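I am attaching a structure below and will ask some questions about it afterwards.
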Amino acid sequence: MTALSRRTWPFGLIARKIARRLANAVLVLLAAASLAFAALHLTPGDPVTAILGGGTQTPSPETIAAARHEYGLDRPISVQFGLYIARLASGNLGQSFSQHMPVADVLRAQGPATLALMASALLTAWLLAVLSIVFAVGRRTTAFARTTETFFAGLPQFWLAILLLWALGFELQIFPPAGNRGLRSLVLPTLSLAIPLGGFLARVMRDSFDLALHEPFILTARARGTPEWLIRLRHALRHALLPGISLSAWAVGALVGNGVVIEMIFSRRGIGRELFLAVMTHDMPLVSGIILFIALVYILAGIATDALYVVVDPRLKATRS
Amino acid sequence: MNAISDIGRQDAVLHVDGLSVAFPTPQGLHTVARDISFTLRPGQVVALVGESGSGKSVTARSLIGLAGANAGISARRLTLGTRNLLNLAPSDWRSLRGREIGMVLQDALVALDPLRTIGQEIAEALSAHRWGNRRSRIQRVHDLLKEAGMPDPALRARQRPHELSGGQRQRALIANALALSPPLLIADEPTTALDPTVQTQVLDRLLTLRRNGIGILLISHDLGFVARLADHILVLQHGNVVEQGNAARLLNAPSHPYTRALLEADPLRRPARAIQPARTASPLLSARNLSVRRPGPDGMLRDLVSSVSLDLHPGRTLGLIGESGSGKTTTSRIITGLMRPDQGSVIFKGQAWNGPERSITERSRRPLRRHMAMIYQDPLGSFDPRWTVHDILADAVEAAGRPVTGETVTALLDHVRLSAAIAGRRPRTLSGGQRQRVAIARAIASDPSVIVCDEPVSALDLSVQAQILDLLDALQRELGIAYLLISHDMGVIRRMCDDVAVMQAGRIVEQGPAEIVLRTPSHPFTRALLEAAHALSAPADSHHIVETRAI
Amino acid sequence: MTRLKRAIALRETGPALAAFYLAILLVAVIAPQVLTQTDPMAIAPRAAFAPPSLHHLFGTDESGRDILTRLIYGARQSLLLGVSAIALALLIATTLALIGGLGGRMAERGIRWLIDVMFAFPVLVLALLCSATLGSGIVPLVIAVGIGSAAGYTRLVFGQVLAVRDAPYVEAARALGHSPFKIIRRHILPNAVRPLVVLATMGVGQMVVWSASLSFLGLGAPPPAAEWGTMLSMGRDYIAEAWWMTLFPGLAIVLTMLATTVVGRAIQLRMDAGAS
Amino acid sequence: MSPSTPLFAQSRPRHVRGTISCVVACAAAVLLTGCRREAHHVAPQTPVSGGTIVYATDREPVCLDPHVAGDMPQVFVAQQYLDSLVAMDDRGRILPWLATDWQISDDGLSYTFHLRRDVTFTDGTRFDAQAVRANLDHMVDPHTQSGTAGGYIRQYLRTDTPDDYTAVVHLKSPYAAFLEVLSQGFLGLESPRALARPRDVNCQSPVGSGPFMVQRWDHQNDIVFVRNPAYNWGPPTALHHGPARLDRIEWRFVAEPSVRFAALQAGEADVIDSLPPEAETPAQRNRDLWLLMADRPGNPTNGTLNVRRAPFNDVRVREAFVRSADIPGALGSVFFHHYRHAGGPLSPSTPFYDPAFEHVGDYDPARANALLDAAGWTGRTADGIRTRNGVPLIVHIPVRSSWPTADRTLWEQVQATARATGFQVLLENSDDTSVLTREQAWDYDVRLGYWNTDTADVLRIIFSSAFLGPPTGHANHQNAAGFSDPRFDRIVNDALTTTDQDRRRELYRQAQAAAAAQFLQITTYPQTTRLALSRSVHDVRLEPSLHVTTLYDAWVSR
């Protein structure tokens, strides 16, 4: 038994972990899809009326019936659900009612813009957080940094967005107020997302950073004559990264799902805006498509997190991977 | 002592004259080290000895400029070689550290950055002083590790502390301190909380360094260990030097009572336990062929414990000794029914207490629980942070199904020689010794027939250790409790146990009555343990060891 | 040691100010008329978009209503919304966390999985579902925000419960022979719930912010409610002409968040001090 | 047509407000006389060919084919790449376009169109009678999901094609407004070959015969049009002949009004539509900009009162509610005095509009109170809400989440003023679909909306019993008031049977009178097209039927 297991375990273990991971991912996606379906079908409101452009138009009853039939909305819910899941299983996200195009295309068109914004916001947030943590030395400075971080973390993103838009976009006209053109148009939205997030990150990491600073190995490093900033950057910070990483994993998804307001204020294209339209028109395929997209982002973020965990703290190799 | 400080002042590595360290507090200046003077010459070892709070560490750190930003340091004279250490600028300190003064602290597991390879750590000591280039540094690191007696340095350099054995770890730590071969090495508790065998390795390493002419300032609470190394000893108490002088003289004829107390506290220097006639009565608790197998870091199944069998007789103490990771704690968790073994069985008071069978559940154990209590290595963690001492004890009494009154709690505190006054306090505000006493009080609250003590004193100062051990001893005599005592410290075992079981890599390699196992060890590992223990206590020529051998 | 004193003083002033602000807020919630005489609802189209002045400290909005007055009267609804939303979120979080933490391995796995799923649902979607099923108004808003933010809190509390569950003092209690229920009641619950107090205080402001972003999307509190989030989102269209319509409601929200956070931190320190 | 659509106002001289600078006056002049040189305050210039215009608009169409669904943004796009069978001029007269001339049978049931022979679609397909049939069939085909075009020609029966360039359209019933609706971009003509493709494909890349062709549609970002070099069949209302002057149009979507205006100021956009009212004054002051505005014909922005249930089943209560709302006051504060009050059931720019009914429902709290007392709403709740036998006087108004902030504010002020007379008005926010569902179920007291069309026949759509929808069950009903009156029905139906303009005018006067007397709506302001343009942009016109932007004549001087 022992001998045998000694040979097979490592592979078995890894294979098992990957398998479990995939299974879990699939389960999550399936559940998300089903919930989205259920939710949108249980809520009152007939998508067809929305498809046909709203109540102030004059679609004939035949038109309504035709539309209902085209999207299978005239079938019993159970059948609709069955078809829906079957379609998903075959990798087909379906056709958006309101956008008159395949959901996959919508995601392909709008996903990159949102992901780009999300990525730049995340990077900026990390930059801010790390700077504030590493270079706020001394009791007074640290206290100040703490307060600032708390303040930043407390800023509502959209409020910040509006104020930035007003100050830098309208009054000073330093940055373009709107659009998806070029990096400069990315600056304001990025800042309005990154500043609160950065404050949050810093707040989360600072505690473990301060703990790390009192560890013996820091004393050892000092006793080596290593310069203070290097000690903070190379030794202490690394021990503070883990909470920041797991927070980011959460933030990634949150940015995609709830970035709609920012996208609207800066008239940016993106998933959030698309989600808003879809939600307003009860566009089931599109809503669930986007929910699946977000779920996927979360799952990938989770995997990335675990990978980073091991990179940052190799001792975890055993438990994770 | 003047003699010492006068001779060869010029070639002194370190000259300290009238050093005092003080910290500001809201109540005003608080002096933690007062008027300390000594001279350290190349190839010499000066030791600062004292218990926690004696100010020895602060003194050491003030010599390397790390006593803290707001530390007030004053001295008539403070020179490193020819260099004056008083009021140096931070940058000057930095250039000194590592190059002129190396420092080693405690266990490398915490003293080296656990996230970085020891290679990176040691290389940093070089790069911090712009020594050589990347390649030459790597080479230098390998040389240092080889020099430190590390097998296969190239490989080790790429590993992290937790991947190394205790001994290798400490070697790496010392190599890191000596990277730029400074003339002065400060070793702050270099062996605390290490296994004896590792301690001896560190000891050997330090001896070599001394032979190589490096001046070593040794900080320790353990006179026994210091005795093996130091030429000159300063005994500190509450920041004052109560006694200092030549090591041999000071150890053989301690003049100050505190010094004597310290010496007496060393368990190895105290009389071994009076032999108890082995009872024929059936064992109170007996474990048979306990085995536990778990997947290790690499995913391979490893035996944490394999076919361990023990018998614990009423009123006797069974010592379980072994090094960290030898499976002591796993065994104790099985015996206390906190963990289910893969194989084997535990019979307690004639009933099935633990085993792989599903029939044995916590529920079935509960009626017997009150007869078995535990004392943990870290008492603080075992107390609910929200609770006062009174809550904790009351809870234990209640668990034993006895009525809780103010008296019962007071009585318990009295049993463990604590004043009833602390009943209202939370453990976090108590000293280590007091905490452990509370833990003991909780253990005896249900007046159990067995108490399992897992490393009950390893975290304490020697003198406190002695008191706690005495207390356990007394309680055993008063209440006839049987102890299962788990420890890595031969001294403690020898002091407390009637029977001894020696564990190595999850197996019991030797077992029997204490006097036999400890006097005529049959298994090489047991012998190694004993030698390590003796090597670490007072010099071989001193009479104490002879006595221990005579047992 | 003056530097030390100053530092201590500094540490004291923060919470003091925060507490003071919250006190005023409390008055506004209980008896707004104490703080202002003007009617928050009465419109005066002629006086619309008046910039801050002695007459209107924070200026007036697009209907000529005094913004300061509306902020004061809005406090009740906004905070009520914030408090009940966070209460709901934490209720959900704690229940799930306890189930997952104490319900055995399957439950634990199940909850982990559930959290992943919950995260995939943006607050916007939930807000829609609530408003569509429960109609418009504050209650659906509270429910939407509460449920929407539950996922994050669940993860936090869950971690806490697991930590406490495996704490040595829980094991010690088992070794004493206590029954599982007693252990849960005496050790796990209290210790797992302790940090929630802080979470809650800090969460209130966050909830108000959520409701604000929902009124951006036209799903906010129904008018003429002087709910802060709604006021803020109303001002957005006029930012170029009437910055005060956006600035002051936003400030009210931010200060509330700050104050609660600071006080929350203070409470936390108290509790830790108490525990030590 | 959802509310955040551009709001237009045709600027006939008598409507030009003092507050509006000469810019609009000249904009009006542009429409009438083409005196654009003075209008622009620039040195005389001759049009140049080439260049690109960046046109920033608020909403993105869901589909570029205006037959599908049929929302305002679609017709704006369609106007650039589609031609219509007939055109309408700014006096409401129907002129030939792709149809050179036509005859209408005496029974008004069949229209014979004679078509131009030189027209080809940009995919090379020939424009002929088959194409006309394909288009009309496509509009009424249920699978097209046409909300507007199909709805406007419900009377359509079939099209015969005696020869390639003659199309005979048969109707089920007389429909005098047929030519008027045909002139709307919603009923623009597309390439039959393109129409043959699946609907959703055609939505992405439609093909017309217009002055521009759709080059690409980057969703949520922009649509790019390029010049149709072969174009030689512009509408009679156009200022020039031959291909369009611009090489390219970048049709950008910038939803946020303030951002859109900022983009114009920053020179990132050359033309923006739905200029936000708060930006109008700054825009007038800005010497680099000019404005182009016109009211849209049809039924003005309004709240329609549901007569099917209490309290508005009582005409006195309806009148009281209408009179209790201070619309001019609200318009003044919300829209910075830039919007004019439209009092009657028709927007002033609608054919056969009669100004007599402008002030039927003017603000009059005293009368409102008297009426409510008379109607028995005499009780009062603690907080001053009127009651009748214990029932409080509550008015439920579902508000779509997509309804723009300014209009929300407008109704918030109605809420406030109505409260003074004892109405409790509840504005109930919800997502569009939920609101629509309530509307279908008649679960509302006031329904917010408007109707843009170029014919007075709109009165039939919004008030005649033919548009009540099925008696049971949920379905769209355009007659939001639930008003049903045989006499009114007869008037509006008669109006369809005659093509005699004077007779029609008389009938529609009666219809307006009937509707106004019933107090079926609180009408607020006429829908308006509001363009702000850079001075380097010239000859941007508003197509007269719906006052949709046309860039066919436009050119840039740089």
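By written order: A, B, C and D. Residues from 1 in each chain.
The rule we apply is simple: a residue touches a chain if its C-beta (ideal position, glycine included) is under 8 Å from a C-beta of that chain, and two chains touch if they have at least 3 such contacts.
The model shown is predicted, which means the values in this text are computed figures rather than measured ones.
J.: Report the most central chain, judged by the distance from each chain's C-alpha mean to the global C-alpha mean.
T.: Per-chain C-alpha centroids ranked by distance to the global centroid put A first.
J.: Between what two chains do the most C-beta pairs come into contact?
T.: Top-ranked chain pair by contact count is A-D.
J.: Just curious, how far off is chain D from chain B if you go by their C-alpha centres, in Å?
T.: Spacing between the chain centres: roughly 87 Å.
J.: Hey, how far is the Cα centre of chain A from the one of chain D, in Å?
T.: Here the centre of chain D sits 40 Å away from the centre of chain A.
J.: Just curious, how far off is chain D from chain C if you go by their C-alpha centres, in Å?
T.: Distance between chain centres: 44 Å.
J.: Just the number, please: Cα centre separation of chain A and chain B in whole Å.
T.: Computed from C-alpha means, the inter-chain centre distance equals 48 Å.
J.: Quick one: which residues in chain D touch 2 or more of the other chains?
T.: In chain D, 258, 262, 401-402, 431, 433-434 touch at least two other chains.
J.: Please list all residues of chain B that touch 2 or more other chains.
T.: Answer for chain B, listing residues that touch two or more other chains: there are none.
J.: Which chain A residues touch at least two other chains?
T.: 43-45, 165, 170, 264-265, 279-280, 282
J.: Can the chain contact pattern be summarised as a line, a ring, a star, a complete graph, or none of these (other)?
T.: If you draw each chain as a dot and join those that touch, the picture is no line, ring, star or complete graph.
J.: Enumerate the contact residues on chain A facing chain C in the complex.
T.: 24, 27-28, 31-32, 35-36, 39-40, 42-45, 139-140, 143, 147, 150-151, 153-159, 162-163, 165-166, 170, 250, 253, 257-258, 260-261, 264-265, 272, 275-276, 279-280, 282, 287, 291-292, 294-295, 298-299, 302
J.: Considering the complex alone, what residue numbers of chain D touch chain C?
T.: Touching chain C from chain D are residues 257-258, 261-262, 276, 278-279, 326, 329-330, 332-334, 398-406, 408-409, 412-413, 415-417, 419, 426-431, 433-434.
J.: Applying the document's contact rule, which stretches of chain A touch chain D when the two form their complex?
T.: Within the complex, chain A touches chain D at residues 43-47, 49-67, 70, 95, 98-101, 106, 109-110, 113, 165, 169-170, 173, 176-180, 264-267, 269-270, 273-274, 279-282.
J.: Mind listing the chain A positions that touch chain B in their complex?
T.: Listed in rising order, the residues are 2, 5-6, 9-10, 12-14, 215-217, 219-227, 230, 234-235, 238-239, 312-315, 317-318.
J.: Can you list the chain C residues touching chain A in their complex?
T.: Where chain C meets chain A, its residues are 7, 10-11, 14, 113, 116-117, 119-125, 128-129, 132-133, 152, 155, 205, 209, 212-213, 216-217, 232, 235-236, 239-240, 243, 246-247, 250, 253-254, 257-258, 261-262.
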